[in-house]
Amino acid sequence: MTVSASLDYRVPYADTDQMTFVYYANYLIYFEMAREELMRAIGLPYSKLEELGCALPVLEAVCHYKKPAKFEDILTITATLAEMKGVRVKIACTVKRGEELLAEGWTVHAFMNRDGRPQKPPKVFLDAITSTPTIPES
Amino acid sequence: MTVSASLDYRVPYADTDQMTFVYYANYLIYFEMAREELMRAIGLPYSKLEELGCALPVLEAVCHYKKPAKFEDILTITATLAEMKGVRVKIACTVKRGEELLAEGWTVHAFMNRDGRPQKPPKVFLDAITSTPTIPES
Amino acid sequence: MTVSASLDYRVPYADTDQMTFVYYANYLIYFEMAREELMRAIGLPYSKLEELGCALPVLEAVCHYKKPAKFEDILTITATLAEMKGVRVKIACTVKRGEELLAEGWTVHAFMNRDGRPQKPPKVFLDAITSTPTIPES
Amino acid sequence: MTVSASLDYRVPYADTDQMTFVYYANYLIYFEMAREELMRAIGLPYSKLEELGCALPVLEAVCHYKKPAKFEDILTITATLAEMKGVRVKIACTVKRGEELLAEGWTVHAFMNRDGRPQKPPKVFLDAITSTPTIPES
(Lines give C-alpha, C1' and ligand atoms only; values in the text may rest on other atoms or scores of the structure.)
Protein backbone atom coordinates (compact mmCIF):
# COMPACT_ATOMS: atom_id res chain seq x y z
CA MET A 1 0.00 0.00 0.00
CA THR A 2 1.25 3.46 -0.80
CA VAL A 3 0.35 6.82 0.69
CA SER A 4 -0.03 9.20 -2.17
CA ALA A 5 -2.00 12.25 -3.34
CA SER A 6 -2.45 14.20 -6.56
CA LEU A 7 -3.76 17.48 -7.84
CA ASP A 8 -4.44 18.93 -11.26
CA TYR A 9 -2.94 22.28 -12.15
CA ARG A 10 -3.20 24.34 -15.28
CA VAL A 11 0.01 26.09 -16.33
CA PRO A 12 -0.39 29.88 -16.34
CA TYR A 13 1.68 32.22 -18.50
CA ALA A 14 3.52 33.17 -15.32
CA ASP A 15 5.22 29.77 -15.21
CA THR A 16 6.61 29.86 -18.75
CA ASP A 17 9.94 31.27 -19.87
CA GLN A 18 11.11 32.51 -23.24
CA MET A 19 11.93 28.98 -24.36
CA THR A 20 8.08 28.62 -24.21
CA PHE A 21 8.43 25.91 -21.58
CA VAL A 22 7.70 25.88 -17.87
CA TYR A 23 10.75 27.36 -16.11
CA TYR A 24 12.61 24.65 -14.25
CA ALA A 25 12.35 26.06 -10.72
CA ASN A 26 8.55 25.95 -10.90
CA TYR A 27 8.59 22.16 -10.73
CA LEU A 28 9.70 22.45 -7.11
CA ILE A 29 6.60 24.55 -6.49
CA TYR A 30 4.54 21.85 -8.19
CA PHE A 31 6.18 19.26 -5.93
CA GLU A 32 5.21 21.39 -2.94
CA MET A 33 1.59 21.63 -4.07
CA ALA A 34 1.34 17.85 -4.28
CA ARG A 35 3.17 17.45 -0.98
CA GLU A 36 0.59 19.67 0.68
CA GLU A 37 -2.15 17.50 -0.81
CA LEU A 38 -0.39 14.47 0.61
CA MET A 39 -0.24 16.02 4.08
CA ARG A 40 -3.95 16.81 3.88
CA ALA A 41 -4.67 13.26 2.73
CA ILE A 42 -2.76 11.97 5.75
CA GLY A 43 -4.90 14.16 8.00
CA LEU A 44 -2.06 16.48 8.93
CA PRO A 45 -2.23 19.61 6.77
CA TYR A 46 0.98 21.56 6.96
CA SER A 47 -0.67 24.44 8.82
CA LYS A 48 -1.75 21.99 11.52
CA LEU A 49 1.78 20.65 11.70
CA GLU A 50 3.03 24.19 12.34
CA GLU A 51 0.37 24.64 15.04
CA LEU A 52 1.87 21.59 16.74
CA GLY A 53 5.15 23.51 16.88
CA CYS A 54 6.64 21.41 14.15
CA ALA A 55 8.32 22.30 10.88
CA LEU A 56 9.37 20.11 7.99
CA PRO A 57 12.17 21.97 6.17
CA VAL A 58 13.61 20.65 2.94
CA LEU A 59 17.08 19.11 3.11
CA GLU A 60 17.33 17.97 -0.47
CA ALA A 61 15.45 18.46 -3.72
CA VAL A 62 16.01 16.56 -6.94
CA CYS A 63 14.22 16.89 -10.24
CA HIS A 64 14.72 15.07 -13.53
CA TYR A 65 13.22 16.84 -16.51
CA LYS A 66 11.98 14.51 -19.25
CA LYS A 67 9.74 16.60 -21.50
CA PRO A 68 8.76 20.25 -21.30
CA ALA A 69 5.44 21.33 -19.83
CA LYS A 70 3.77 24.17 -21.71
CA PHE A 71 1.36 27.01 -21.21
CA GLU A 72 -2.25 25.85 -20.63
CA ASP A 73 -1.22 22.23 -20.10
CA ILE A 74 -3.21 20.53 -17.38
CA LEU A 75 -0.64 18.82 -15.24
CA THR A 76 -1.26 16.02 -12.79
CA ILE A 77 1.18 16.33 -9.93
CA THR A 78 1.55 13.41 -7.56
CA ALA A 79 3.39 13.09 -4.27
CA THR A 80 4.08 9.73 -2.69
CA LEU A 81 5.49 8.99 0.73
CA ALA A 82 8.58 7.11 -0.37
CA GLU A 83 10.51 6.54 2.81
CA MET A 84 10.64 7.28 6.52
CA LYS A 85 13.82 6.98 8.56
CA GLY A 86 14.07 8.53 12.02
CA VAL A 87 13.03 12.16 11.68
CA ARG A 88 13.58 12.11 7.92
CA VAL A 89 10.96 11.64 5.28
CA LYS A 90 11.41 11.29 1.55
CA ILE A 91 8.59 12.26 -0.77
CA ALA A 92 8.67 11.21 -4.42
CA CYS A 93 6.92 13.38 -6.99
CA THR A 94 5.87 13.11 -10.59
CA VAL A 95 4.53 15.67 -13.03
CA LYS A 96 2.43 14.21 -15.84
CA ARG A 97 0.38 15.52 -18.75
CA GLY A 98 -2.16 12.76 -19.20
CA GLU A 99 -0.08 9.59 -19.38
CA GLU A 100 3.10 11.40 -20.36
CA LEU A 101 5.75 11.73 -17.66
CA LEU A 102 7.22 15.23 -17.87
CA ALA A 103 9.32 15.31 -14.72
CA GLU A 104 10.02 13.29 -11.62
CA GLY A 105 12.04 13.74 -8.50
CA TRP A 106 11.88 13.86 -4.77
CA THR A 107 12.43 15.97 -1.70
CA VAL A 108 13.88 14.93 1.64
CA HIS A 109 12.65 16.67 4.78
CA ALA A 110 13.32 16.51 8.50
CA PHE A 111 10.81 16.98 11.29
CA MET A 112 12.02 19.80 13.51
CA ASN A 113 10.72 21.72 16.48
CA ARG A 114 10.47 25.48 16.81
CA ASP A 115 14.13 25.72 17.83
CA GLY A 116 15.28 23.98 14.67
CA ARG A 117 16.08 20.73 16.46
CA PRO A 118 15.17 17.29 15.10
CA GLN A 119 11.89 16.08 16.54
CA LYS A 120 9.91 12.85 16.41
CA PRO A 121 7.12 13.06 13.81
CA PRO A 122 3.59 13.55 15.24
CA LYS A 123 1.66 10.35 15.96
CA VAL A 124 -0.99 11.07 13.31
CA PHE A 125 1.77 11.14 10.74
CA LEU A 126 3.37 7.94 11.95
CA ASP A 127 0.04 6.14 12.04
CA ALA A 128 -0.66 7.17 8.46
CA ILE A 129 2.54 5.73 7.17
CA THR A 130 2.91 2.49 9.06
CA SER A 131 1.36 0.70 6.14
CA THR A 132 3.83 2.21 3.69
CA PRO A 133 6.61 -0.10 2.53
CA THR A 134 10.16 1.09 3.18
CA ILE A 135 12.16 1.58 0.02
CA PRO A 136 15.95 1.70 -0.21
CA GLU A 137 17.54 5.10 0.39
CA SER A 138 18.68 7.15 -2.64
CA MET B 1 15.13 67.56 -2.27
CA THR B 2 13.93 64.04 -2.86
CA VAL B 3 14.58 60.83 -0.96
CA SER B 4 15.34 58.20 -3.51
CA ALA B 5 17.42 55.06 -4.10
CA SER B 6 18.29 52.83 -7.03
CA LEU B 7 19.75 49.45 -7.80
CA ASP B 8 20.88 47.67 -10.94
CA TYR B 9 19.49 44.24 -11.70
CA ARG B 10 20.16 41.89 -14.55
CA VAL B 11 17.11 40.02 -15.85
CA PRO B 12 17.47 36.25 -15.43
CA TYR B 13 15.72 33.70 -17.61
CA ALA B 14 13.44 33.05 -14.63
CA ASP B 15 11.76 36.43 -15.09
CA THR B 16 10.87 35.99 -18.76
CA ASP B 17 7.72 34.47 -20.19
CA GLN B 18 7.00 32.89 -23.54
CA MET B 19 6.34 36.30 -25.09
CA THR B 20 10.15 36.69 -24.47
CA PHE B 21 9.47 39.65 -22.17
CA VAL B 22 9.68 40.03 -18.43
CA TYR B 23 6.43 38.71 -16.96
CA TYR B 24 4.35 41.57 -15.64
CA ALA B 25 4.12 40.52 -11.98
CA ASN B 26 7.91 40.64 -11.67
CA TYR B 27 7.87 44.43 -11.87
CA LEU B 28 6.29 44.46 -8.42
CA ILE B 29 9.27 42.46 -7.18
CA TYR B 30 11.56 45.00 -8.84
CA PHE B 31 9.63 47.77 -7.09
CA GLU B 32 10.18 45.96 -3.79
CA MET B 33 13.92 45.64 -4.39
CA ALA B 34 14.22 49.39 -4.95
CA ARG B 35 11.96 50.08 -1.97
CA GLU B 36 14.28 48.05 0.25
CA GLU B 37 17.21 50.09 -1.07
CA LEU B 38 15.29 53.23 -0.20
CA MET B 39 14.66 52.02 3.34
CA ARG B 40 18.35 51.24 3.74
CA ALA B 41 19.25 54.69 2.35
CA ILE B 42 16.93 56.24 4.94
CA GLY B 43 18.73 54.29 7.65
CA LEU B 44 15.79 52.06 8.42
CA PRO B 45 16.24 48.74 6.62
CA TYR B 46 13.02 46.78 6.56
CA SER B 47 14.39 44.11 8.90
CA LYS B 48 15.11 46.83 11.47
CA LEU B 49 11.58 48.15 11.03
CA GLU B 50 10.25 44.67 11.82
CA GLU B 51 12.49 44.50 14.90
CA LEU B 52 10.80 47.70 16.08
CA GLY B 53 7.52 45.76 15.97
CA CYS B 54 6.43 47.58 12.86
CA ALA B 55 5.20 46.37 9.47
CA LEU B 56 4.57 48.25 6.28
CA PRO B 57 2.04 46.21 4.30
CA VAL B 58 1.05 47.21 0.77
CA LEU B 59 -2.40 48.73 0.33
CA GLU B 60 -2.15 49.51 -3.34
CA ALA B 61 0.15 48.72 -6.24
CA VAL B 62 0.05 50.31 -9.68
CA CYS B 63 2.26 49.68 -12.66
CA HIS B 64 2.22 51.17 -16.15
CA TYR B 65 4.09 49.12 -18.73
CA LYS B 66 5.72 51.21 -21.48
CA LYS B 67 8.23 48.91 -23.18
CA PRO B 68 9.14 45.30 -22.51
CA ALA B 69 12.23 44.40 -20.50
CA LYS B 70 14.12 41.40 -21.84
CA PHE B 71 16.43 38.64 -20.74
CA GLU B 72 19.93 39.86 -19.80
CA ASP B 73 18.85 43.51 -19.76
CA ILE B 74 20.48 45.47 -16.98
CA LEU B 75 17.64 47.38 -15.38
CA THR B 76 17.95 50.39 -13.16
CA ILE B 77 15.15 50.35 -10.65
CA THR B 78 14.48 53.48 -8.63
CA ALA B 79 12.20 54.11 -5.66
CA THR B 80 11.32 57.61 -4.52
CA LEU B 81 9.47 58.64 -1.41
CA ALA B 82 6.58 60.41 -3.09
CA GLU B 83 4.23 61.26 -0.28
CA MET B 84 3.57 60.87 3.43
CA LYS B 85 0.14 61.34 4.97
CA GLY B 86 -0.58 60.13 8.48
CA VAL B 87 0.49 56.49 8.64
CA ARG B 88 0.45 56.16 4.87
CA VAL B 89 3.42 56.40 2.58
CA LYS B 90 3.48 56.39 -1.20
CA ILE B 91 6.59 55.23 -3.00
CA ALA B 92 7.01 55.92 -6.70
CA CYS B 93 9.07 53.52 -8.80
CA THR B 94 10.61 53.47 -12.24
CA VAL B 95 12.25 50.69 -14.20
CA LYS B 96 14.71 51.88 -16.84
CA ARG B 97 17.13 50.33 -19.31
CA GLY B 98 19.73 53.04 -19.65
CA GLU B 99 17.71 56.16 -20.42
CA GLU B 100 14.68 54.24 -21.66
CA LEU B 101 11.70 54.16 -19.33
CA LEU B 102 10.24 50.64 -19.39
CA ALA B 103 7.73 50.85 -16.56
CA GLU B 104 6.63 53.15 -13.80
CA GLY B 105 4.21 52.98 -10.96
CA TRP B 106 3.86 53.23 -7.23
CA THR B 107 2.88 51.43 -4.09
CA VAL B 108 0.99 52.77 -1.08
CA HIS B 109 1.77 51.34 2.34
CA ALA B 110 0.60 51.86 5.90
CA PHE B 111 2.71 51.65 9.03
CA MET B 112 1.17 49.06 11.33
CA ASN B 113 2.07 47.46 14.63
CA ARG B 114 2.24 43.74 15.35
CA ASP B 115 -1.53 43.59 15.88
CA GLY B 116 -2.22 45.00 12.47
CA ARG B 117 -3.25 48.41 13.77
CA PRO B 118 -2.12 51.69 12.22
CA GLN B 119 0.92 53.06 13.98
CA LYS B 120 2.91 56.29 13.79
CA PRO B 121 6.05 55.83 11.65
CA PRO B 122 9.32 55.51 13.59
CA LYS B 123 11.17 58.80 14.26
CA VAL B 124 14.15 57.85 12.08
CA PHE B 125 11.77 57.50 9.17
CA LEU B 126 10.03 60.81 9.84
CA ASP B 127 13.34 62.61 10.22
CA ALA B 128 14.52 61.25 6.89
CA ILE B 129 11.52 62.51 5.03
CA THR B 130 10.91 65.93 6.55
CA SER B 131 12.89 67.43 3.72
CA THR B 132 10.76 65.66 1.09
CA PRO B 133 8.17 67.82 -0.63
CA THR B 134 4.57 66.66 -0.42
CA ILE B 135 3.08 65.87 -3.79
CA PRO B 136 -0.63 65.77 -4.59
CA GLU B 137 -2.36 62.43 -4.00
CA SER B 138 -3.06 60.22 -7.01
CA MET C 1 -25.08 40.80 -18.81
CA THR C 2 -21.46 40.44 -17.84
CA VAL C 3 -18.72 38.24 -19.26
CA SER C 4 -16.91 36.76 -16.32
CA ALA C 5 -15.05 33.64 -15.17
CA SER C 6 -13.67 32.29 -11.90
CA LEU C 7 -11.34 29.66 -10.59
CA ASP C 8 -10.51 28.31 -7.18
CA TYR C 9 -6.90 28.18 -6.07
CA ARG C 10 -5.32 26.95 -2.89
CA VAL C 11 -2.43 29.06 -1.60
CA PRO C 12 0.83 27.07 -1.50
CA TYR C 13 3.71 27.86 0.84
CA ALA C 14 5.53 29.21 -2.22
CA ASP C 15 3.20 32.22 -2.34
CA THR C 16 3.68 33.31 1.26
CA ASP C 17 6.31 35.68 2.61
CA GLN C 18 7.76 36.09 6.07
CA MET C 19 4.87 38.32 7.12
CA THR C 20 2.90 35.00 6.76
CA PHE C 21 0.73 36.56 4.06
CA VAL C 22 0.60 36.04 0.32
CA TYR C 23 3.35 38.20 -1.22
CA TYR C 24 1.79 41.11 -3.08
CA ALA C 25 3.14 40.40 -6.57
CA ASN C 26 1.41 37.01 -6.58
CA TYR C 27 -1.99 38.68 -6.88
CA LEU C 28 -1.05 39.68 -10.43
CA ILE C 29 -0.46 36.00 -11.14
CA TYR C 30 -3.87 35.24 -9.65
CA PHE C 31 -5.37 37.91 -11.91
CA GLU C 32 -3.72 36.22 -14.87
CA MET C 33 -5.10 32.81 -13.92
CA ALA C 34 -8.64 34.22 -13.85
CA ARG C 35 -8.04 36.15 -17.08
CA GLU C 36 -7.05 32.91 -18.80
CA GLU C 37 -10.26 31.33 -17.52
CA LEU C 38 -12.16 34.27 -18.95
CA MET C 39 -10.51 33.86 -22.35
CA ARG C 40 -11.38 30.17 -22.33
CA ALA C 41 -14.98 31.01 -21.34
CA ILE C 42 -15.15 33.40 -24.30
CA GLY C 43 -13.97 30.58 -26.57
CA LEU C 44 -10.61 32.17 -27.27
CA PRO C 45 -8.00 30.60 -25.02
CA TYR C 46 -4.83 32.67 -24.97
CA SER C 47 -2.84 30.00 -26.82
CA LYS C 48 -5.39 30.16 -29.66
CA LEU C 49 -5.07 33.94 -29.69
CA GLU C 50 -1.31 33.56 -30.14
CA GLU C 51 -1.88 31.06 -32.96
CA LEU C 52 -3.92 33.79 -34.68
CA GLY C 53 -0.76 35.93 -34.58
CA CYS C 54 -2.17 38.08 -31.85
CA ALA C 55 -0.82 39.11 -28.46
CA LEU C 56 -2.48 40.89 -25.59
CA PRO C 57 0.29 42.55 -23.57
CA VAL C 58 -0.46 44.32 -20.32
CA LEU C 59 -0.34 48.11 -20.35
CA GLU C 60 -1.47 48.71 -16.81
CA ALA C 61 -2.00 46.70 -13.65
CA VAL C 62 -3.66 47.91 -10.48
CA CYS C 63 -4.31 46.04 -7.26
CA HIS C 64 -5.91 47.17 -4.01
CA TYR C 65 -5.12 44.97 -1.06
CA LYS C 66 -7.90 44.75 1.53
CA LYS C 67 -7.09 41.75 3.72
CA PRO C 68 -4.20 39.31 3.61
CA ALA C 69 -4.57 35.89 2.01
CA LYS C 70 -2.83 33.12 3.88
CA PHE C 71 -1.29 29.73 3.35
CA GLU C 72 -3.84 26.98 2.54
CA ASP C 73 -6.63 29.49 1.94
CA ILE C 74 -8.87 28.51 -0.92
CA LEU C 75 -9.20 31.65 -2.99
CA THR C 76 -11.85 32.37 -5.56
CA ILE C 77 -10.38 34.53 -8.26
CA THR C 78 -12.73 36.20 -10.73
CA ALA C 79 -12.05 38.11 -13.93
CA THR C 80 -14.70 40.24 -15.59
CA LEU C 81 -14.57 41.94 -18.95
CA ALA C 82 -15.01 45.51 -17.76
CA GLU C 83 -14.52 47.62 -20.84
CA MET C 84 -13.59 47.51 -24.51
CA LYS C 85 -12.38 50.59 -26.38
CA GLY C 86 -10.69 50.25 -29.77
CA VAL C 87 -7.89 47.72 -29.35
CA ARG C 88 -7.89 48.13 -25.58
CA VAL C 89 -9.58 45.87 -23.10
CA LYS C 90 -9.92 46.31 -19.37
CA ILE C 91 -10.38 43.27 -17.17
CA ALA C 92 -11.48 43.67 -13.56
CA CYS C 93 -10.41 41.08 -11.01
CA THR C 94 -11.31 40.12 -7.48
CA VAL C 95 -9.71 37.73 -5.04
CA LYS C 96 -12.07 36.38 -2.39
CA ARG C 97 -11.94 33.88 0.45
CA GLY C 98 -15.54 32.76 0.66
CA GLU C 99 -17.51 35.98 0.84
CA GLU C 100 -14.57 38.05 2.06
CA LEU C 101 -12.99 40.37 -0.47
CA LEU C 102 -9.20 40.19 -0.08
CA ALA C 103 -8.08 42.17 -3.10
CA GLU C 104 -9.43 43.76 -6.23
CA GLY C 105 -7.99 45.49 -9.22
CA TRP C 106 -7.73 45.42 -12.96
CA THR C 107 -5.44 45.10 -15.91
CA VAL C 108 -5.57 46.98 -19.20
CA HIS C 109 -4.36 45.23 -22.35
CA ALA C 110 -4.02 46.02 -26.03
CA PHE C 111 -4.50 43.63 -28.91
CA MET C 112 -1.32 43.61 -30.97
CA ASN C 113 0.00 41.69 -33.95
CA ARG C 114 3.32 39.85 -34.16
CA ASP C 115 5.16 43.10 -34.97
CA GLY C 116 3.90 44.77 -31.82
CA ARG C 117 1.41 46.97 -33.67
CA PRO C 118 -2.15 47.56 -32.47
CA GLN C 119 -4.57 45.17 -34.13
CA LYS C 120 -8.34 44.79 -34.20
CA PRO C 121 -9.47 42.08 -31.76
CA PRO C 122 -10.46 38.74 -33.37
CA LYS C 123 -14.15 38.42 -34.30
CA VAL C 124 -14.77 35.62 -31.79
CA PHE C 125 -13.67 38.00 -29.06
CA LEU C 126 -15.82 40.88 -30.31
CA ASP C 127 -18.85 38.61 -30.64
CA ALA C 128 -18.43 37.42 -27.09
CA ILE C 129 -18.41 40.88 -25.66
CA THR C 130 -21.06 42.69 -27.67
CA SER C 131 -23.52 41.99 -24.93
CA THR C 132 -21.23 43.49 -22.29
CA PRO C 133 -22.16 46.96 -21.08
CA THR C 134 -19.52 49.65 -21.48
CA ILE C 135 -18.42 51.12 -18.20
CA PRO C 136 -16.76 54.51 -17.73
CA GLU C 137 -12.97 54.57 -18.04
CA SER C 138 -10.87 54.63 -14.90
CA MET D 1 42.22 25.36 -13.48
CA THR D 2 38.50 25.77 -13.05
CA VAL D 3 35.97 27.78 -15.03
CA SER D 4 33.79 29.51 -12.52
CA ALA D 5 31.81 32.71 -11.93
CA SER D 6 30.01 34.36 -9.02
CA LEU D 7 27.55 37.09 -8.29
CA ASP D 8 26.27 38.76 -5.17
CA TYR D 9 22.54 38.97 -4.58
CA ARG D 10 20.56 40.49 -1.79
CA VAL D 11 17.51 38.50 -0.71
CA PRO D 12 14.29 40.48 -1.24
CA TYR D 13 11.11 39.91 0.77
CA ALA D 14 9.71 38.25 -2.36
CA ASP D 15 12.01 35.26 -1.89
CA THR D 16 11.04 34.53 1.72
CA ASP D 17 8.24 32.28 2.91
CA GLN D 18 6.32 32.18 6.16
CA MET D 19 9.03 30.10 7.81
CA THR D 20 11.06 33.38 7.40
CA PHE D 21 13.55 31.57 5.18
CA VAL D 22 14.19 31.72 1.46
CA TYR D 23 11.68 29.40 -0.23
CA TYR D 24 13.45 26.33 -1.56
CA ALA D 25 12.58 26.70 -5.25
CA ASN D 26 14.33 30.08 -5.36
CA TYR D 27 17.72 28.41 -5.04
CA LEU D 28 17.26 27.07 -8.55
CA ILE D 29 16.81 30.67 -9.70
CA TYR D 30 19.99 31.59 -7.83
CA PHE D 31 21.75 28.72 -9.61
CA GLU D 32 20.53 30.10 -12.92
CA MET D 33 21.80 33.60 -12.13
CA ALA D 34 25.28 32.23 -11.45
CA ARG D 35 25.10 29.99 -14.53
CA GLU D 36 24.38 33.05 -16.66
CA GLU D 37 27.40 34.76 -15.13
CA LEU D 38 29.45 31.71 -16.00
CA MET D 39 28.29 31.79 -19.61
CA ARG D 40 29.19 35.47 -19.83
CA ALA D 41 32.60 34.75 -18.28
CA ILE D 42 33.15 32.09 -20.94
CA GLY D 43 32.31 34.65 -23.61
CA LEU D 44 29.05 32.99 -24.60
CA PRO D 45 26.17 34.76 -22.90
CA TYR D 46 23.03 32.68 -23.08
CA SER D 47 21.31 35.16 -25.42
CA LYS D 48 24.21 34.72 -27.86
CA LEU D 49 23.87 30.96 -27.59
CA GLU D 50 20.21 31.28 -28.55
CA GLU D 51 21.17 33.49 -31.50
CA LEU D 52 23.38 30.63 -32.67
CA GLY D 53 20.23 28.49 -32.80
CA CYS D 54 21.25 26.62 -29.70
CA ALA D 55 19.44 25.92 -26.42
CA LEU D 56 20.71 24.42 -23.20
CA PRO D 57 17.69 22.94 -21.42
CA VAL D 58 17.97 21.50 -17.93
CA LEU D 59 17.85 17.71 -17.62
CA GLU D 60 18.47 17.48 -13.91
CA ALA D 61 18.60 19.79 -10.92
CA VAL D 62 19.78 18.90 -7.46
CA CYS D 63 20.01 21.06 -4.37
CA HIS D 64 21.16 20.26 -0.85
CA TYR D 65 19.98 22.73 1.76
CA LYS D 66 22.39 23.23 4.67
CA LYS D 67 21.31 26.41 6.42
CA PRO D 68 18.50 28.82 5.68
CA ALA D 69 19.11 32.06 3.81
CA LYS D 70 17.14 35.01 5.15
CA PHE D 71 15.70 38.33 4.10
CA GLU D 72 18.36 40.99 3.38
CA ASP D 73 21.18 38.45 3.40
CA ILE D 74 23.80 39.16 0.78
CA LEU D 75 24.38 35.84 -0.90
CA THR D 76 27.37 34.89 -3.01
CA ILE D 77 26.25 32.46 -5.66
CA THR D 78 28.89 30.58 -7.62
CA ALA D 79 28.64 28.36 -10.68
CA THR D 80 31.49 26.10 -11.76
CA LEU D 81 31.79 24.09 -14.93
CA ALA D 82 32.04 20.67 -13.35
CA GLU D 83 31.94 18.27 -16.24
CA MET D 84 31.52 17.99 -20.00
CA LYS D 85 30.56 14.76 -21.71
CA GLY D 86 29.37 14.74 -25.30
CA VAL D 87 26.54 17.28 -25.51
CA ARG D 88 26.02 17.25 -21.76
CA VAL D 89 27.39 19.74 -19.31
CA LYS D 90 27.20 19.67 -15.54
CA ILE D 91 27.39 22.90 -13.61
CA ALA D 92 28.00 22.86 -9.86
CA CYS D 93 26.61 25.68 -7.74
CA THR D 94 27.03 26.98 -4.23
CA VAL D 95 25.13 29.59 -2.26
CA LYS D 96 27.11 31.20 0.54
CA ARG D 97 26.62 33.97 3.08
CA GLY D 98 30.17 35.14 3.65
CA GLU D 99 32.07 31.94 4.41
CA GLU D 100 28.98 29.99 5.43
CA LEU D 101 27.74 27.42 2.94
CA LEU D 102 23.94 27.61 2.80
CA ALA D 103 23.21 25.34 -0.15
CA GLU D 104 24.97 23.46 -2.89
CA GLY D 105 23.93 21.45 -5.87
CA TRP D 106 24.19 21.17 -9.61
CA THR D 107 22.32 21.17 -12.84
CA VAL D 108 22.88 19.00 -15.89
CA HIS D 109 22.10 20.43 -19.33
CA ALA D 110 22.25 19.27 -22.93
CA PHE D 111 23.14 21.38 -25.95
CA MET D 112 20.26 21.18 -28.41
CA ASN D 113 19.36 22.80 -31.70
CA ARG D 114 16.10 24.56 -32.52
CA ASP D 115 14.40 21.25 -33.26
CA GLY D 116 15.19 19.89 -29.82
CA ARG D 117 17.92 17.56 -31.11
CA PRO D 118 21.27 17.12 -29.37
CA GLN D 119 23.91 19.34 -30.93
CA LYS D 120 27.64 19.77 -30.54
CA PRO D 121 28.47 22.68 -28.24
CA PRO D 122 29.68 25.87 -30.01
CA LYS D 123 33.48 26.13 -30.46
CA VAL D 124 33.76 29.16 -28.16
CA PHE D 125 32.29 27.04 -25.40
CA LEU D 126 34.56 24.08 -26.06
CA ASP D 127 37.63 26.32 -26.19
CA ALA D 128 36.71 27.84 -22.85
CA ILE D 129 36.50 24.53 -21.12
CA THR D 130 39.40 22.56 -22.55
CA SER D 131 41.45 23.57 -19.56
CA THR D 132 38.81 22.32 -17.14
CA PRO D 133 39.58 19.01 -15.47
CA THR D 134 37.00 16.26 -15.91
CA ILE D 135 35.50 15.14 -12.62
CA PRO D 136 33.78 11.81 -12.00
CA GLU D 137 30.07 11.69 -12.80
CA SER D 138 27.59 11.92 -9.94
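Structural remarks
The chains carry the letters A, B, C and D, assigned in the order they are written, with residues numbered from 1 in each.
Criterion: a contact is a pair of C-beta atoms (placed from the backbone, for glycine too) under 8 Å apart; a residue touches a chain by one contact, two chains touch by 3 or more.
Values in this document were obtained by computation on a predicted structure and should not be read as measured data.
At the interface between chain A and chain D, over half of the residue numbers involved are used by both copies, so each side presents largely the same positions.
Summarising the inter-chain layout, the chain whose CA centre lies farthest from the centre of chain D is C. Once the centre of each chain is set as its mean CA position, chain A and chain B turn out to be 34 Å apart. Centroids of chain B and chain C (each the mean of its C-alpha atoms) stand 24 Å apart. The distance from the centre of chain B to the centre of chain D, each centre being the mean of the chain's C-alpha atoms, comes to 29 Å.
Within chain B, residues 13-14, 19, 25, 29, 32, 71 each touch two or more of the remaining chains. Taken together, the touching pairs cover every possible pairing of the chains. The residues of chain A lying in touch with chain D in their complex are 19, 21, 24-26, 28-29, 32, 55, 57-65, 68, 107. For chain B in complex with chain A, the residues that touch the partner chain are 13-14, 16-20, 23, 25, 71. Looking at the complex, you find that chain C touches chain A at residues 10, 12-14, 29, 32-33, 36, 45-47, 71-72.
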